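Quick heads-up: structures coming right below.
Same chain, two partners: chain A is paired with chain B first, then with chain C.
The block that comes next holds the complex of A and B.
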C-alpha cells in the first residue's frame, strides 16, 4: 500500500517538474501565430522561422562560444583550487573555500552588477572580455564543487604509492589522480557549460545590441512577439542539453559524480 | 639489498611527539617488524624511511647512503600499503609495471618483468584483470608484486594484511616470509598484532609512545621482555610487580604482596628497587601433593581448568595472596580421559625452578 502511494506520489512530482518543459515542447510544434497549449494544428514552421533569423543564430553561436571559453578558463583554475582545498591545510583555507563558493549564494544579478561596476572602474568596455570574466566567476563554484567531491573520494595513499614507485609529485597526479577524477571534471564542465549558456541575470548588464547571448536575444524577442519560435528554440536547446548529459553519462557515468 | 640505519630521528605533530629519538639498525636482508599499539609511532617511522613523512631531527641511511633529504621517488623503495592502494583504473599488469614505466624501462622488458613478478606471487595470467575483479588476498599480492618488481633496496609494509580474515592472513604471512627469504630483500613490516610479528620477523622492534621500547629476536622479546609494557603487549602471562629484598651471589629475592620469590638477578639490581617478573606458564608444575621440601612451591586453588588437546591450561588463585592468579600449562598424559586431569576447585601446589622466572 505504502509502496503504491509512494509510486503515485513520485509520478505526480515528476509530472509537476516536467510539465513546463512538456508544454513548451508540444507548443513548439504548433502551426498558429501565437503560442498556445494545446496547439490546434501542428507544423515545423516555427523551427524554420527560428533557424532563419540571423539574430538567433549569431546569439546561439555567441552563447556556445562564451560557454566553452568560460568553462575552458574556469576548469584549470577550479582544478588547482580544489587540489589545494582538499589536500593541504593552510591559513585562510576556509576563507578561500567560501570565496570560491560565494557566487552560489550571491544572486547572479548582484554578481553581474558588481562585475559591470568593477570592469567599468578599470575602463574595460570590451563586451567579450566582460562576458567571459563574468561567466568564469559564475561557473567557478560549480566546477570547484564537483571536482572537490571527486578528489575527496580518492584515497590519498594512491598518489603516495605512485611516488614510492618513482613518480614525481606532478607525474603521480597526472597518471593516478587525474584519470580518477576525470568523471568529476567532465560533469563539472557540463554543468558549467549549461549554466553559462542559459545565464540571463549576469549577461543582462554586460551585453550590447551587437553582441548578444541566446537567452537575451530570446528575452528581447518575446517583448514584441509571442509566436512559438521561442518554444522551438527552447526545445532545441533542451535537446542539446539532454544530449550532452546522456553523452557524459555514457562516457563517465553521471551518477558516480552527482550521487557521490 | 640495502641495510637501513636510523639515527636519533624525531617527529612532532604540534605538542605530540610521534617519534621520539628512535635509533635502529636493520641489517641487509633482515626482516624487521615495528610492533606496537596504534599511535605508538610505528607507521610514522615506516613513512619516514619511505620519505612520505619528513623528520624534524635525525638521519636515515639506506644502503649506506644518507637519504634524509632525498625525495620519495628517488629512494628506490618498494612499499605495500594497508589498503593495497592499487590504481583502480589500471589493469593488474599496468599496476605492476608502473614503477618500471616511471624508470623508463623499455616496454618489452617492462612486460617481461611484470609477468615474472606476478608469477612470483602466484598470479600469472591475472595481468589483464582490474583490481576490483580480484579478491582481497589477490589484491594484496598484486601490491606486493608491484613493490618487488622494481627491485627495491628495501621493502616496506604497512599492516598489509590488516583487512584480511584470519585464515587468509596466515597463509599470506607464510608466503611473504618465504618470498622475502628467497629474494633476500631487507624488509620492514608494521603491525599491531604480536602474533603476526612473531611469525614473520627475524627481529622485532616494540614501540610505545614514539619511543623504541625493546629490540630483539621474537624469542628474546617473548622470554626476556624489558618492560612491563612489552610483557603486557606481547600477551605474556604471569607478570607480577614487586620489589627487591636481597641481592646475593647472582640471585635475587623478590617480594610480591607478601610472597617471596627467588630468581637469577639482573646485573644492576639494588635492594628496595621496584621491578617486574614473569613466570613462564609452561614451566610451572601443578600437583595435588606438596613437592619435596627445599623446592619452591606455593599453594593455590584452580579457578579454571581448560582442556586444549595436547595441553591443559589452569588458572590458579594463590591461597596466600588472593589477588594473584597464575596461569600454568601442563602437557596432558595419555590417561586424561580417565579423569586424571585436575578440575576447578581443586587445591594444588605450584612449583618451579629459578629458570622459570625472568626479572626485569
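The block that comes next holds the complex of A and C.
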C-alpha cells in the first residue's frame, strides 16, 4: 500500500519536473501563430521561422563562443588550483579553498553587477572582456569541485612511482595523473559549458544591444512575442543540453558534478 | 615542480577571483555609499543616503521581506515535496538510477528561460490548467494564474527541487545498510525505523539541501521576472529595474549589497544554528547515539 502510494506520488512529481520541457517541446511543433498546448495542428514552420531570425542565430553563436572560451580559460586554472589543493598542505589552505568556492554563494546577479560597476569605473566598457570574466568566475567552482574529487580518488603513489623511476615532475603528471583524471575533467568541462551557455543572471547587466547571449535574447523575446518560434529554439537548446547531461552521466555520473 | 612549491599553482585562480569577484564586490559596496548622476561614476563624499532611501521606503522594505518570505516558503515546499522522491531514489534499483537522475536534474539541465516559458504556456488564461478546470466545470471563467505570486512559487519550487532531492539522497546513501537492518531485526516497524533511524541520519542532507534551495531562490531573477506580476517583485528584479529602467546605479548597488547580505547572512546563521544545536547531526555516525 505504502509502496504504491510512494510510486504514484513520485511519478507525479517527476511529471512536474518534466512538465515545462514537455510542454515546450510539443508546442514547438504547433502550426498556430500563438503557442498552444496541445497544438491543434502540427508543422515545422516555426523551426524554419526561428532559424531564419538573425537575432537568435547571432545570439546562439555568441553564447557558444562565450561558453567555449570561458570553459577553455577556466579549465587549466581549475586544474592547477585543484592539484595545489589536493596534493599539498600549506597555511591558509582552507581560506583559499573557500575563496575558490565563493562564486557559488554570491548571487550571480550581484557578481555581474559588481563586474559592470568596477570595469566601467576603470573605463573598460568592452562587452567581451566583462562577459568572459564573469563566466570564468561562475564556472570555476564547478570545475574545481569535479577535478578535486577525481584527484582525491586516484592513488597519488602512482605519480610518485613514475618520479622514482626518473620521470620529471611535469612528465609524471602529464603521462600518469592526467589520463587518470580525464573523465572528471571532461565531465566538469561539459557541465561548465552548459552552465555558461544557459546563464542569465551573471550576463544580465553585461551584454549590450549588439552583443547578446541566447538566453537573454530568449528572455527579451518571451516578453513581447508569443509565437512558437521561441518553443522551437528552446527545444533545440534543450536537446543539446540533455545530450550533454546524458554524456556527463555516462562518463562520471551527474551526482558528482552537482554535489550533495 | 617541487613539492613545497605546489601552492604556487593557485596563483592564476586567485588572480582571476580577486580581479573578477573580490575587488568588484568591494567596488560595488563602495558604490552604494555614493550618489551619482544617471549612469555616471559616483562623485562627492560618502553618504548613507542610498540606504536611507531604501529602508525609509515601505515599497523597498516590502520587496526585501517578500523575497525572503517567499524563498522560505519555496524551500520548505521543495523539502517536503522532495523528501519522498529522494527516499524513492534511494530504494530504487541501480538499473533505473541513471534515468531517474536525469529526470530529477531536468530543471537544472534545461535552461531556466525555457522552463519559465513552459510555465507561461501551461498557466496562461487559455493554458492547459485553465482548459482542464473549465472543461471539468469547476470554474466558469479562467483563473488568473500567470503573473501572480503563485506562478513564481510554482516556477521556483520547480527550479530548487533538484537541490533538496539530491542532497537528501546523498545523505541517505551514506547510511550504513546494517543500521537499518539492525533496527528491523530488533523488531522496529517500518515507520519507526524511518522516524528514529533514517530521518535523523538524513539531517545533514536536509540542512545542505535547504541551504542550497534558499540561496538559489532568494537570488533568482528569471522566474520572478517572467512569471511574476508587472513591476518588480523580487530583490533581483528590483535591482534590474533600478539599473536599466531608472539608471540609478548607486541605489541598485545598495540593493545588490542588501541581497548579498541577505543571501550570505541568513545561510550563515542557519548553518551556525545547526552546528550549535544539532551539531551531532553533521557526523552521521554519532547521530545514532542520540
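The rule is simple: the second predicted complex is superposed on the first by the 233 of 260 C-alpha atoms of A that agree within 3 Å, B and C clash if a C-alpha of one lies under 4 Å from a C-alpha of the other, contacts with A are read in each partner's own complex, and residues count from 1 in each chain.
The working rule: contacts are C-beta pairs under 8 Å (C-beta built on N, C-alpha and C of every residue); 3 or more make two chains touch, one makes a residue touch a chain.
Because the structure is a prediction, the values reported are computed rather than measured.
Partners chain B and chain C, brought together by superposition on chain A, fit side by side with no clash. In the superposed model, A:180 makes contact with chain B only, not with chain C. Here the apex is the CA centre of chain A, and the angle it makes with the centres of chain B and chain C after alignment on chain A is 90°, in steps of 10.
Judged by the touch definition given at the top, the superposed model places A:162 against chain B, while chain C stays out of reach.
In the superposition on chain A, contact of A:59 is made with neither chain B nor chain C. More residues of chain A lie in touch with C than with the remaining chain of the pair chain B and chain C. By the touch criterion defined above, A:171 reaches chain B but does not reach chain C.
After superposing both complexes on chain A, the closest C-alpha pair between chain B and chain C lies 10 Å apart. Against chain B, the residues of chain A that register as touching in their complex are 155, 157-158, 160-168, 171-172, 175-176, 179-180.
For chain C in complex with chain A, the residues that touch the partner chain are 1-4, 6-10, 12-14, 16-17, 19-25, 27-28, 31, 41, 81-82, 84-85, 87-88, 98, 100-122, 126-128, 158, 161-162, 166-167, 169-171, 190, 205, 208-209, 215, 218-222, 225-226, 236, 239-240, 243-244, 249, 252-253, 256, 259-260, 263-264, 267.
Contact residues on chain A toward chain C in their complex (touch as defined above): 2, 6-7, 9-10, 13-14, 16-24, 27, 35-38, 76-78, 80-81, 83-85, 87-88, 90, 93, 96, 99-100, 102-103, 105-111, 113-115, 117-121, 133-134, 136-137, 140, 144, 169-170, 194, 197-198, 200-201, 204-205, 215, 218-219, 222-223, 230-231, 234, 237-238, 241-242, 244-246, 249, 253-255, 258-260.
Residues 50-52, 71-79, 81-83, 85, 87-89, 98-99, 102-103, 146-147, 150, 156 of chain B are the ones touching chain A in the complex.
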